[in-house]
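Please see the structure below; I have some questions.
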């Protein structure tokens, strides 16, 4: 039984709390949120305590592991503190928006020996993972083209956008990690294009809502990513991997396999699952279960701190490419 | 927390045991099987006791409910005994192969007031249920044609076939219940055709392995069911409801949304989920949860004893139709 | 170059005229219709003559072949007259509604030696034919289940329904022929169910608008056909053949491969092609080309008089099955 | 009746010859090819003459129009000569590989007043065109993302590759035109990535076989194009247009709507149509018919010389982007 402290009781924190609570192998011991009522609500739902502070939560011997679902700017401090307290860590992406802080954090936790798992949910999706597995098994031969489509069902308020770090560090970072996961190598070049087509106010903060990114891997494999902050038909998540021997595609999932035929349309499928919490619900469970395995068996997570750092490196390079109109070499050191 | 006794620790009993054990709202108290090692294995897996007898299990005050997953010929006795012991009952289909015994059971438990839920898993499948809901909501107008395809991935050994009660009472009974569920009325006529095309030994026991059944409802709606004991491509479960305003279809589910393109085939989907335990895994969970709700809230199950009895009545009439070459009127009294 | 006389200048006659006119291997010589303006219009469109009478058309030495697209009750007389005049014949289905007249026609033309091809368009559809070819090539092993869905986009006026011969001889006759084509054997038993759910006035003329038919072949293969006179989503034409080694399906065709995603629906396909003239447009061309080949090369058509007669025999047996509530043995002699 | 001279009797010339010959509104008058036996074969098949020279063909008063399907380096001279001879022109893409020669040609034919239609077949494909029409009709609101996938079923021999002009001027040029067609505006920026992953010998001639291109339009709409010289599963041609109100996709076409289910795969679709001659067979017919309309009615073609020139401008800019690793501004003047 793995005892958890949860940091952050917002939408995604509440979901993680429910997953922890539903597991017979885990127990939600305490919840901390800077907004105390949020912590109280989630704690009450699952019979957990409200922690008075991060330090108090980390001092609790019943806490084996922490799940970090608080705002991005708190991640590094929480990772560092938890690592020094000897707690295993499951942290939502990104580690931080500032690569210097990430590097510092890397050094600070280097000798703690705790397991740090990053919440890159796409890696746990059955279909995206099946693409990776097919590529890894050589089913499509040498990978040549990889296409990732990732579009959100709605744009966040401008208050959030202002602190999001920009589309590449906030949204595309998932796709950069997914690309590395499927490529099984680190991309070395990036170019990027972007437009403001949805939320005009983004122009003032130098961000975009519509973007395309191209990556190139050492093998020569090319990756295309396209993002939109607003797809009216819902949360669109697809992957296509093309190689010397064929192609595999991960299509969207639906709530059911229903097809509808009416006077106006035929063979229409069910709406897309609303957003990440619905689309990746099983992935979040599988991610948690892998983390519990790591804690229980003292093994290393499949997706770790270094993956979080590298995704941020790519995001920064993509930003530079977008701003400079050049293909930018990606340097991971 | 609902305490369960499990009767029958075979494949489907083991699955139910795991579902009970995984629920935070239920506890597996004891397991009974005529084959004691099977009971021991399942009990040990989930920290439950092995019951020395049915009577002992029913005498246990920690047991609120029984889950009957033993062989068909034991169902009636177990239902009757459990009902008289005041235990709620979740029983796998069919109630019995002999309608007279079912009628007797109905009388015997009439005044016990216990909840009896039948394990018609199709009703809990998200897509089949979405078809029912669309029809009930009037989305396709008056239902006119209903097509049910149900084909197994492999045929059972002849020892089982000899006691199965024949294809209609063993296999099609699920489809008869599903038809009633979607029709929302009781079919009044049935005709049937069948052939032995897979297992020649079936001819000697007067059974078939390939069948088509047509039902007619009082509204005039027509129902087609086709069954095969062996589909080499897997467990094929589809429903199509056609009406005055359109059509809805429940397509097969897959383990993932992967599509494959090779030199030999394009756009190939994942294999079908192997058999009922995989295909209806979520349905079995939802079925159990509904039953736990019924026990906890003392409400009536959505699918009850009467549904089990009516499905058997239709199966018997279909058998008569097959043998006589006539359209047979279905009488439920 | 094959010279054609066209009998019947209605909707389907006009389509055949256009196909003949567009072929560089055929010429439309003359058109006859009891309604002279219809003949004049079609003849004028394609630079053909209006024939003053059937006899005049048949006396024209430039006429090598006749295409019969007039009302059903005229088919037998026209076939007989054309055969006696030594003209090759492409006749729309059915030969006649009265099996006695068909038998008489068979005797009357027995020694004329002319090619008679029946207009069973489904046989020329690329996808339906691919099902037949896959079955014939043994791709799915022994055929066990055959499902045919055939639903019209709209019901004809009651004046037509009164002379249509009933749903089985008018509409299902195409499916009976298609079943024979794919089975490659003649079904020996039929049962049928039907309802009036679309046009209440049909009850008074003892017809139905919603029907299901089951056929059994000597091999044991079972066939299901379902028909509706009104599918609001369009002309629905599908075939599914299931056998010992797998399954093949012929899905509906669309005007394009477009998919639409909106706020209300995802992955919606194009509307179905409106009705038989659109859905089977290529089939009508291929049918005509095969007929021209037969005339040019003096070979026998792939689908002939006997196929037309047998389809009517099945339709009559189905009608008897519907009326009697019995499975009826089909006798072709 | 439009009389045609055909220049070039290779694979695509032979196809055009057959289309001209099959039309009742056109006649193939003469064929010229530098390889005389090729011209003789095509001419003989369709009862046309072999022209002794280009000049002889252009001097023939029965020739109203020329179809240019010869090698790329002959296009400009043939266009110029034909225009000066007053013949309407349907020319295969590209106009030339050298933009200076294209500019010169533009000046040379400026005052001839003849119709010049470019053979951009994608514009005539029913599904690709339906995407354009949906966008133009505002069905998806403002266009934001456009994705074009174009992959060949096999790579041409190195002799051809050496004179092809490189992947962008040879292959992607179709996609550049298609992008302009759907965007309804001229892209102003391009970036590009490429790899040699199929034919190592391409490296020596500074070409690539695997490429991704990003375009940006004045509206902010972003376009992704991906190309491969070898897709083992066949000729893959897809378009996806995403906008403020939804998405439309043009999927691949198949020879039939057959689906296959076997022990190894389910729901597999028919192979893709082999290559451009099969995939765009109807498009080539529609293209020819539009051209015949233009000649007959003296109207301007929908896709003209200027479209050919602009596609080449984009291809050149893409090449510069690939070589420089910069986003390149596209200048059409």
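Labels for the chains are A, B, C and D, by order of writing; each one numbers its residues from 1.
Everything below uses one rule, namely that a contact is a pair of C-beta atoms (placed from the backbone, for glycine too) under 8 Å apart; a residue touches a chain by one contact, two chains touch by 3 or more.
Given the structure is predicted, the values throughout are model-derived calculations rather than measurements.
The greater number of contacting C-beta pairs, out of the two interfaces A-D and A-C, is seen for A-D.
Relative to chain B, the most remote chain by averaged C-alpha coordinates is D.
We define each chain's centre as the mean of its Cα atoms; on that basis chain A and chain D are separated by 42 Å.
Centre-to-centre, using mean CA coordinates, chain A is 58 Å away from chain C. Among all residues of chain C, those that touch two or more other chains are 232-233, 245-247, 252, 260-263, 270. For chain A in complex with chain C, the touching residues are 232-234, 252, 260-263, 265-272. Those residues of chain B that touch chain C in the complex are listed here as 142, 144-145, 147, 149, 151, 189, 191, 193-198, 210-212, 214, 216, 220-222, 224, 226, 228, 230-233, 242, 244-247, 325-327.
Across the complex, chain C is touched by residues 21-22, 24, 126-127, 130-131, 134, 139, 245-253, 255-263, 270 of chain D.
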